[in-house]
Each structure stands twice: as C-alpha cells, then as structure tokens.
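One chain, chain A, appears in both complexes that follow, with chain B as partner in the first and chain C in the second.
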Partner chain A sequence: MSGGTRLENANPLIFQRSGERRLTATDEDEDVADPIDDREIFDIFSKSINDPEHPLSLEELNVVEQMRVNVNDQESMVSVEFTPTIPHCSMATLIGLSIKVKLLRSLPDRFKIDVHITPGTHASEDAVNKQLADKERVAAALENSQLLEVVNQCLSSRAM
Partner chain B sequence: MKGALELLQRVSAHPDARCWCVAWSPSGTLLASCGGDCAIKIWGKEGDSWECKCVMADGHQRTVRTVAWSPCGKYLASASFDATTCIWKKTNDDFESLTVLEGHENEVKCVTWAPSGNLLATCSRDKSVWIWEVDEEDEYECVSVVNSHTQDVKHVVWHPTQELLASAGYDNKVCIYKEVDDDWECRATLEGHESTVWSLAFDPEGQRLASCSDDRTVKIWKKSTLGDGESDSSDESWKCVCTLSGFHGRTIYDVAWCRLTGALATACGDDGVRVFKEEDPTVDPEQPVFFMSAHLPKAHGQDVNCVSWNPKEAGLLATCSDNGEFAIWKYNSDS
Partner chain C sequence: MLCTFCELKTKVLSRQPQLLCACAAEFEAWLLFFRMAADNSVLLGLVEEFVSGQVDSKAAETVTGSALSLTSSQPQTRGRGVQLLSQVLQECYSSLSEKELEVLLAFYENRLKDHYVIIPHVLQGLKALTECSVLPPGSAVSILRSIFQDLHVQVNTFLKGLGADFIFGFVQSVDGERDPRNLLLAFQVARNIIHRGYGLGKFVEELFEVMSCYFPIDFSPVSTAVFQTASERVESAGLSAVSALVSCLSRSVLSSDSEDVLQVFLSLVLKDCQHHLCEPDLKLVWPSAKLLQAAAGASYRASLIVSAAVIPALLEQYNNRTQVRSLLMYFSLCLLHKHTEDSVLVAFQQSLCSVVFSALTESSAGLQVTATGVLTALGQQPGLLAQTDVEKAVDHLTRLILEEDDTKVSLAVVECSGSLAHLHPKAFISRLIPRLKEEILSGQSDAAVRQRCVTALASVSSLPSVVQESAPILLQVLASAHTGTHSFYSKISFLIIFSTLLFSYRSASRMASQAVSLFLDGDVSFLPENAFPSQIQLLQRKKQHLWDSSCHSFTSRQVEIPEIDRLLVQLEDLSCTCPHLFSYTSAAKCFAGLVNKRPAGEALDAVLERVMKRISVELENVSSAQRTQAFTLLLWVSKALLLRYHPLSTALTDKLFALLSDPALGSQVADGFCVLMSDSLDVLNRNCHADVRIMYRQRFFAENSTKLIQGFNSAEQEEKSCYLKALSHIVSNLPRQIQLTELPALLPLLLEALSCADQAVQLSTLSCLQPVLLEPPAAIRNQLEALFSRLLALTTSPVMKVRIASLQCVHALSRLPEHMVLPFRARVLKALAVPLDDKKRLVRIKAMVARGEWFLLGSPGGK
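Let's turn to the complex of A and B:
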C-alpha cells in the first residue's frame, strides 16, 4: 500500500441515474415506501456512525479510486463497479466482498446485488468478479469467522 | 401446449436463513430440506398440508448444502460446508446419525447415491470428487478420489441405470467418470458453458444429460455412438445437442428431469421457475427441440436454489429459495 499521499480525485463516488427521479404524489405519502435510489446507496457508504456530518471517502483507505453505483428500484437491482488502486488480487476481493456485504445488510432482501471491478482496471478482474458473483462461495467465506472479522473491521472503519 | 404451475403450499422451512436444497424420498411421501441454519428438516403430509416431522439440528456446524435419500429410502446423506457428509438412518419417524464421512479439505457441495445403493459420491470446493462404497454392515469406505476439475466442484449426479458419474464445476466444465480397473477415472470432459456449471440431470433413460449454468443457459448433451459399431467399453463421448438460451434472466442454480413425464424444470436466480418440454422427439434425436411450457416469474421472493420432481406423483414439484422457504407446486402440461 502506498504511503500517506492523498489521491487527486476528491469525489470517488459516482452515480448513474437509471431514470429521471421526479417528485410524485406517492413520495409525499407516508404509507407508500420510497423506492431505493442512488442517494440512499451513497448514504450507505458515506455515513460514518461516529460522525454523520462528514461524509467519507473510500480514498482515505487508499484502496478504491472510484465507485460507480447503478440502482434500479423497480427491477430490484443494484450494480456497483469499483476501481481498486492496489494490484494485489486478495485486496480487491476483500474490498469487493466488503461492498457486497454492506449492501446485503443494508438493502431489502428482494435486491439482486452485483459488485464487480471496473473493466480494464485490474489484472485479475475476471477471477475476482467471478468469486464475488458466486453466492455459494460468498456464503461459505462469510461463515469463516476470521474472514468475517476482517470484513467487519473493513466496514467499521471510516472508509466504508 | 401451454402448461401452468399451481401453488399448493408455501412453507417457511428455515427462517432467517437460505434453504439450499429440497429432496423427495423415493416413496414420494416425505420431503427433506436443508439450509443455512445448519439444520435438516423432514416434512410429511398431514391431511392437506405439509408438516415438519423431524428436525436434525446437531449434525453439522455450518450450512447444510445438499440432502440426498438412498434408493431404499432408509438413509439420508447430508453434505455440509463444515467439510463433512453425514449419513442418517431412518428408524420409524426419527433419524439418527449413523456415521460421518470426513476427508474433504473444505466445503462439501453435493452428495448423491447411486441407483444400486452401494455407492455414494461427494464433491467439494477442494476440486475433488470422492466415491464411497457401502457394505452390508453399513460401513463406508472411500474407494476413489478424482481430481479432474481445476476449481470447485458444485454438483455430482449418478446415471440412472449405469455405474457412471457426472460432475459440474466452477471451471465451467462437466466431467464424466467410469470405473476402470477398480479405479474411478474421468472419461470425458464436456466443454461449452461460459461460466460455472451449477447442476446436472440425466433424462429418464440416461441417454442425455442436462446442465445449467451461471451463463444463463441450459445445455443438453447426448452420448454419441462411435461410427463403426465397435467401441472400447470405457470410451465416453458426449456432445452438446441443444442449448436453451434467452429464457433465464440470471444464474440457473438447478435443473431437474422428471422420471415420469420427461419434463425439465429449472430453478433460477431471477426468482423464477420454468418447465420445458420436448417437441416431437422422433423428428431428429440428434437435434432435440425444447420449448418453455410454463414460467412462473416470481415463484419465490428471492433466488430459487433447487427444484425437485416427486418420483411417484406426476407433476408434483418442490422448490426452495434464499428466503428460507420451500414451495410445493402442481404442474399441468395442458392448462
């Protein structure tokens, strides 16, 4: 991992809206659940439990350069693309796994969650993406208490 | 011929956990389920509803991934992420642990009994397939460890009539095994899928093999006969004769071929259950055509992990899901 130099990119979180979000009558209606949109996903990753006033950036850990989020509430799909700064395979898998776990814990069960590496940014992206997409592997990995501890630490740090 | 799937019952079998597998007993009267809560449950019909008859909660320390009944119905095998396979013996309405098969280095993904009842196969993330022999005294012995896959092995299934085994893997391949000179070997490797092959099913006659994959297709493989009529009995040659693509929205986790009707059912990560039927098979056996007879887009609220046809009652189908429930359906081919 490189030393303390900050990345130039001040805002690593980029959102692609899958459709125009216009305020409708149902948004105001208390009895109708709000659809999940990219704002909510942004909040999942930037709010720190300790300091809600300071949205956080993943660049503080210096492991993710950029994260693209695509949300489609109607289809119950969330896609997250992240660019690892570290070429080492296991770190990219761990970051991807942490992002996936964070979303699994935060979103309703109906959501299909896809986490993958930004194409062209990592030598082993196909292998890493395949692991992240395999729910059986992910489930087995999370039953490993040591790995789960590492993931939890990753998520509790201000970077996530 | 348009078919339909009718819901008979939905059961919250493994609350707050995934239900990974459901398996009918050979008599068709019991259903075994297993899941992420490390438990195995046995369900039986009382009147019109399915009730829990037995819970085996202490057999495994981690997720139970697959359960499989012996052909005689007296034993149940369970494969777990704790790297063991447990053999349970049925006595009246209860199941007791008979023995625990150890050896795999990590998660056991699948276990399956051969039709003879004397052989068992298991497979694991450790890339190996183990073949076990059972003797008259209920003693289990590993007779072969085969390492043909280059990655996790997801599924193993025995041929319905011959002593032939097939396995599916994370390496996108399907392997066929036969016993040659007292040792089990891979005799054919079926390539074609573009991603992990999750499950396999032989057709009722054992002439064809269906495979389903993360590449969202189902492939039908047929054993090809060698041209000149004379063939070495250990040669295996299978080729892909049909690919069902464009029907499934996400990973297909399971495929099941009904012994009674020949219908093919799939369990998909898009929450849907689909049934395929073959068009007139006499037209060209080398190029079978399948059509989608029934499609239930939201069979469950989450991924469907397993699909299983009842061996005695035609059209009765069980499925299970990530939301911990299983469902019983009645499939009608003409609705």
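Let's turn to the complex of A and C:
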C-alpha cells in the first residue's frame, strides 16, 4: 500500500504474545459488574491490528505494551502510548491512527481517547501526537477513502 | 541556651552576605539548631511544631529573621533548602549523634509529604542519614514505611537505581530488629524486593542471614493477644519470603563459570537447619522443618537438593524416636504432593517403603494416618512401589482393617485402599478380598469388624475385575440382611458397589438373577415405607435407582432376566404410584430399559398394551395426583420404542404432542422433548447395550415436523411457547446438515421463538440459529428485517447468555452477501453501541468484535 518495495524495518525483533485472558468466576456471574480495565483495552487492539509492513501484530512487535495502557472507567478516560519500532518510522502516524480508530469503534461514546507516542522514541513525536489528538483532523482523515482503506486493512480481522 | 544561639546567629549573619555564604550560614544555623534540639526535648517539640508548619513558636522567631528558605512558600525555594541540607549531611553524617539523628529523621520523614519537587532531595538526605552507624533501631523500617506511604511517584525505579546500596542499607537496618510489627514489615519488604526483581547482587547471603536468624521463631510476647497473632503472621510472612527467594533463585540464569546461586543459598539453609533435625532435645525440629519445607516446596530443583540432604539423615535417625518418624512422614508427603514429575524420592524408594510400613505398625494414630497418606501418594507415582511392596502394603492394609478400630485410622485406611486398588487391582484381588471374605462370611466376628470389611470391600471395587470378586460377597451380605441384624452401613456400601456396575460386563446372568430375586423378594422386608424412619426411605430410594440401573445396564440382550414379567409389573406399579421423584423416575427408566431390550413378540405387545391403557386412564383423569408419574413413564417408554423403531412409537409420540397443549403438563412435556432427543447417560444408550438404531432423530424429525408446525399454528397464544420449546429442543439435537436443509421450513417458527418471552427458548433458538447463519440458505433473504429487529432487541436482554448469543448471531450476519445486509449497517452500528458499555466484560468483547466487523462491511479496504 505504500507502494515502496523496501521495508523500513526489514528485520524486526519479535516479542512473545501474552496468552488469553483467564476467565474468573465473577466474569460469568450476572450480578457482578466488570469494570473496564487496562487489560481489556490492551486486548482490543494489541492482537487485532496488523503492522503495515509485517504480518505481525503490534504486540508481537512490542509497539504496544499493556503497561503503557491506562484506563479510568469512572472518569471515562483512556490513554495509550505506543512505541514505533524505529525512531524514524514513517508509519508512526498510521499506526497511531489505527489504534485510535479501533478504540473509537470499540469503546462507548463517553470515553475520551488519548493515543500518543512513548516520549523519546520518535523523531517527530510532537507533530504526530498533535495530529492524533485533534478530533477534526482524525475525522477528516477518515473521510479520505484512500487513508480509510489503509486503516481498514490494518484493522481487518486476523486469524488468531 | 537560646541566648547562646542568638549570639551565634548574629555572629553568623554579620558576615559579608555573599550569596553562597548566606546560604551556608543559614544552614550552619539550622544544624546548630538541630544539635541543640537533640539535647533538649523542649526544642525537640519545637522542631516538631516547625515541621508541621506552625511558625509562631519562640525558637522560630529567632531564626525567621534570616528568611529561611526551608519554610518558604515557594516549593522551589524549599527544595533548594532541603537540597543544601542534604548535601551538608552527606559530608558530615558520620559525626551526628543518635539523638540528632532522630530529630533529623523525623524532619525528613515529614518532608516526604511535601511537594514533589522537593522529594528527590529529601530522598538524598535520607540516604545519607541511613549510612550513619548510629541509626536507631526500627528507624530504617519506619523510613521505608513513610516512603511507601507518602511517595506517589514511581518509587520502584528510584529505589532500583539506588540498587545495591539500598539492599545493603535494608539488610543492615533489619539486623537485630525485635519488634514483631517491624519484622512483619521487614519480611514484606523482603518479599517485594525479591519479587520486583531488584538486583540482589552480592547480598544474597546477607539477606538470607538476616532473615534466617528469626527462625525458629522463639517468641516471648509482651502483651499476649496482639503479639500472638503477630508471631504467627510473622512466621508465615517469613516462610513465604524464603519460599519466594528460593523460587526466584531457581529461575535465575547462570553464566557458565559462576557458581550456582541456588546451591549456595540452600547450603546455607541446610547448614542452619539440618542439625536441629537430629538434635537430642528436638526443641527446634518443627520450625526447622517448616523452613526446609518452604524452601523445598518452591521449585523442583530445590526439592531435589533439600531431599537429597535431609531424607537420608532422617532415615538414619528413624529408629531412634517418634518425632523423627512423624517428621519423615510429613516431609515425604509434602515432597510427593508438590511435584508430580519424576519423583525426587526415587533414590530413597526402598528405605522409604520400609519406613512407611513400620509406621503402619505403630500405635500412634496420627502417625498411622500420615503413613497411609504417604502410602497413597507413593502408590500414585510410577516407580515408587515395586510389586513386592504393593503386596506388603496390601497385607498391612488388610491387617489394619481387621484389627484397628480407631475411626480416623480406619477411614484413612479405607481411602488408601480405594486409591491403591484402582492402580494395582491384582494384589487386592489375590490378597485382600479372600481375607475379608473369610471374615465376613464366618459369622463369628463382631459387627464393627464386619462393617469395616464391607466398607473396605466397597471402596476397593472401582474396577470391573475387582467387582467381579467382591460383588458376590456383598450380595450374600445383603441376602442375610432381611433378618434386620445388619447395620445400615453395609447396605449403603453395597449400593455403592452396585452403582459401579455401569461398566459393560459379560456373563452377568448369575448376578442378574440374584439381583432380581433379591429385589423382588427382598422387597417384602422394605415395604411399606410409612412404618420406617426417613433413613430407611432414603435407602429405599437409592436402592431403587441402583437396582434399576444395575438391572438394565449390565445385562446384554442375550441375558435372560428371570421373572421379567413380574419385574415389569412391579416397576410399572412403582413408577405410577410412588410419590418420590427419584424413585418413580428411575423405575420408569428401568422399565423403559427393559422394554427396549425385550425381543419383539406377543409378550412385549401385551406389556405395552397394558401399560398404555394404564397411562391413558391416568392422564385423562385431570384431577389425578399421579399425572406427572404417568407422563414420565410415557416419556421414557416412548424413548425406548423410538430408539428401536418400534411401530408403536408413533402412537406414543403423538400422545406427547397432544399433551403440549395440556395446561398443567404442557411445559413439562416441552422439556421432556429434550430427554427424548438427547443422549441420556445412565440408560438407553449404547454403553448399556440398548437397542439404538441409526438416525432415529432424523427419522423422528422428518416424520413429525409438519405435525409440529401445524400444531403450533393452531395453538392458542399461551401454548405456543411450549411448542417452541419442544421445537428448539428437537432442532438443537439434530445434526448440522439436517438443520441446514430444514431451516427454510422452520425459519418462521424460529423467528417466533426469538420473540418468545421465555429465556430458555430464546437461548436455544439462538444457539441453533447461529451455525445456520454461517452458511445461510437463500430463503433467509426474505426474513432479514424480522431477523435483525429480533436479534438487536435481544442484545439488551437481562440474561447475559442471551445477549452474548444474539451478538454472535449479529456478527454472523455480517458475513452475508454485501448487497443483502448493507442497508442494515447504520442501524446495526447504532444499536451495537449500547452493549459496548454493558456491565459484563464477556458481553462487551462480543459487541466490540461484532461492531468492528460491521464497520468494515462495505468500507474500502474492509473485506
């Protein structure tokens, strides 16, 4: 989709995937409410978003880690930090956008979603963070059908 | 003293006010102030007031004039102040006295609550203070407590940065600690240190030494209540700290030339604890044992090392005293349970066995019980019990059954026999059973002994080979039971045996006849129920059930059951008249089982005719109290006939369909269809040699689906739900292919079922709908509107399972051809926003997945 034949990060380090979340007794109890926690948010996008260059999930490339996800259910706030694999990764905006879109589609409207680059890991993190934080820009981006196509390709379900 | 201080102050402040000097002067002043405060408790109190922010004290007046930055309102300024103080302290901490140190510590700990800008400097100062040699007892712990309490930044990263210094300081401060509350905290901190991966570096030894000197915990409490629980908590906290340490060390990665850290650590532990185990006074035996057990239990490697060192020593000492014996048993038990891989005890197999056997001959009940536990565990691991050992074990167990009358011991022995017999049946068959048989049938032993024998026989009978030997004995026992002299227990154990007769079993005719005759003739002594207490009634119910299952389960078709007609009559009576649910259901099941196997012919027809007449009469009588029993019998007989394709089955099932509209029985009948269609575990299945023809479900469905639909259409509104329930039971038990081909005809019914208020119906409909939607037939295109409305409505059902199932169906619908489902996209996306915020996580996950798929539908790059 980028059109180029050379990959930016041809030989990435691959990290281990975390296992499935364990079911507990309260999960199946009708009367107990399960709060939204970090693990749940992490599971939303970590395994199901493809990296644009490789057939690997963001988790496997350590672009996202559960530690860098923070959610506050009561205050309806979610914050996700992601780490591009190399400091000059040109796909950083795309990755960030995919995460943001995935969360927008998967969380209730009340949530305020903040997606940004882990500080110190990218050359133009300020610019990228600014774009991701701007609601109008994100909405405009999604109306661009080429960009939407690319994002959707990243989000297309993978066999797990 | 204050005058001296004022003099000092003026002297100090009269110097040329260069910036640095002024600051230095200020801090010298403070230092003097603290020094004095240490000597004078009044001043100490003033310091306290100071640090808590109250500025208007007498001593404060004397120094406020010099614009002390420590009390400035600007956090930056305060920070600089603390920073300089800390730097000064770093230079001169060695010259501080204990009291001064106390004051400074109080000040610093208090400053931890201050603004975050100041904290790093505070921590620096604290670090300097902790390096003092005269640190008062308990202060390190209280520092740590304040740190963990008051600091909100990432303490871990900071403390890890301090690294080895921190560990060293911690170890030093815990050394010699006496207050149990501090000890508790210290152990918890140690655990945290280990678990959070602080580099222990070269301080492993020191850390262990400082922890281990508290074992064994010899505690003379100052005030009983608080300290007693404290000592237990301290002990268990300490043990878990050791355990954590060992498991961490076991997982550490070694370089090729470094020594094994785990070995080093465990040799320390063993050095300390081992000699206690063999001491003459055995004062510290149990605490040492607990410590060793905590270490050994932490990992496989550790258990190997510990057992290799400890077990031989214990074995040697075994003969000398009882304590050692219990200890050895206790140890072995722990080791056997913890690790189920190749046992660590293989090397000691022989000696361990002989020790266990000798323990079984001891008189101490506790020891015997533990020994049986060890024996069971030994038996369960391969390679630990040789054939000769098994035989010896069986002999011991036999002896104990016959001679030992302590209840705890005999219970343990019975359990042990049960589990060992399952693994080594031959030894039991050849040695235990003949002995017990002799005892039981001799007629001379007393009641308690006989009871134990019977109970033991029952517990060992878990395999067919054993049952073959034991069952005849027990049959004889029960035969003599009609004299009423035998205890309740023998009957129960007998029944337990019979329940294991569900195994396939040839050449059972002799047993069958015995069983039947007992049932029929033995009945006399057990009826009527009213005269007997409830225990006997319970017994009777159990007896019925087990008799029934035994009768029809273990006989193959070729086996002639004697007096079968008489049996059938009795069972029919029982199932139609008995008020107990369990009894009449099992009587009906037994009847059905026998009918299913009975060869076709006049005899069978006669039986069927008679039973049908009786059932019809009963059912038509609307006010009869036994309609449920009659219906149950009808259901099971229908199933029996349906399975074998008997021509009468149609008549019976028609009757069942008719009953769906019965106001009283309707919903029971609907549930009964589940019984009719699904596999039952205890009767009328292939394991019990029932006559089951292939594809009976498909045949049933094919013959009756139109009837069902017609019945539904003509039914009253209230009755429709019964039809739907029946339908969903039938369809959900069909094989997938049939479901797919039949769907067009059934779809309107299934859609109706979705709007039925009964949640069970909704759930079963959804579960049969979902696989069909994955490969949907063309007929579905006309029903989409109805389908979507119903499914989306169910996503907010009060039942969690229904919400999940309907979300799965919505997800499946996204796979239909785009042109069919695209018009619904907007509606679905909107509706699915609601379950995204569902209170159950499982529902949210399904909603997310479904909604994600629907977003991609028809979107560029989506599919």
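One rule holds in what follows: the second predicted complex is superposed on the first by the 98 of 160 C-alpha atoms of A that agree within 3 Å, B and C clash if a C-alpha of one lies under 4 Å from a C-alpha of the other, contacts with A are read in each partner's own complex, and residues count from 1 in each chain.
We adopt the following convention: contacts are C-beta pairs under 8 Å (C-beta built on N, C-alpha and C of every residue); 3 or more make two chains touch, one makes a residue touch a chain.
The structure displayed is predicted, hence computed values, not measured ones.
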Task: Evaluate whether chain B and chain C can sit on chain A together after superposition, giving fit or clash.
output: fit
Message: Just checking: does A:S156 make contact with chain B only, chain C only, both, or neither of them? Give me first, second, both or neither.
response: second
- request: Once the structures are superposed on A, label A:R110 by its partner contacts, choosing first (chain B), second (chain C), both or neither.
  value: both
Task: Answer with first, second, both or neither: which of chain B and chain C does A:K130 touch in the superposed model?
output: first
Field: Which superposed partner A:L148 touches (first chain B, second chain C, both, neither)
entry: second
Task: See if chain A has more residues touched by chain B or by chain C, and give me that chain.
output: C
Field: Shortest CA-CA distance in Å separating chain B from chain C in the superposed model
entry: 7
- request: Enumerate the residues of chain A that count as touching chain B in its complex and touching chain C in the other.
  value: 109-110
- request: Write out the stretch or stretches of chain C touching chain A in their complex.
  value: 799-800, 833, 836-837, 839-842, 844-845, 848, 851-853, 855-856, 859-863
- prompt: In their shared complex, at which residues does chain B touch chain A?
  reply: 18, 36, 62-63, 65, 81, 106-107, 109, 125, 152, 154, 170, 195-196, 214, 250-251, 269-270, 301-303, 322-323
Residues on chain A engaged by chain C in the complex (per definition of touch): 27-28, 30, 33-34, 36, 40, 43-44, 48, 102, 105-110, 145-146, 148-153, 155-157
Message: Could you list, by residue number, the parts of chain A that touch chain B in their complex?
response: 109-110, 112, 130, 133-137, 139-140, 143
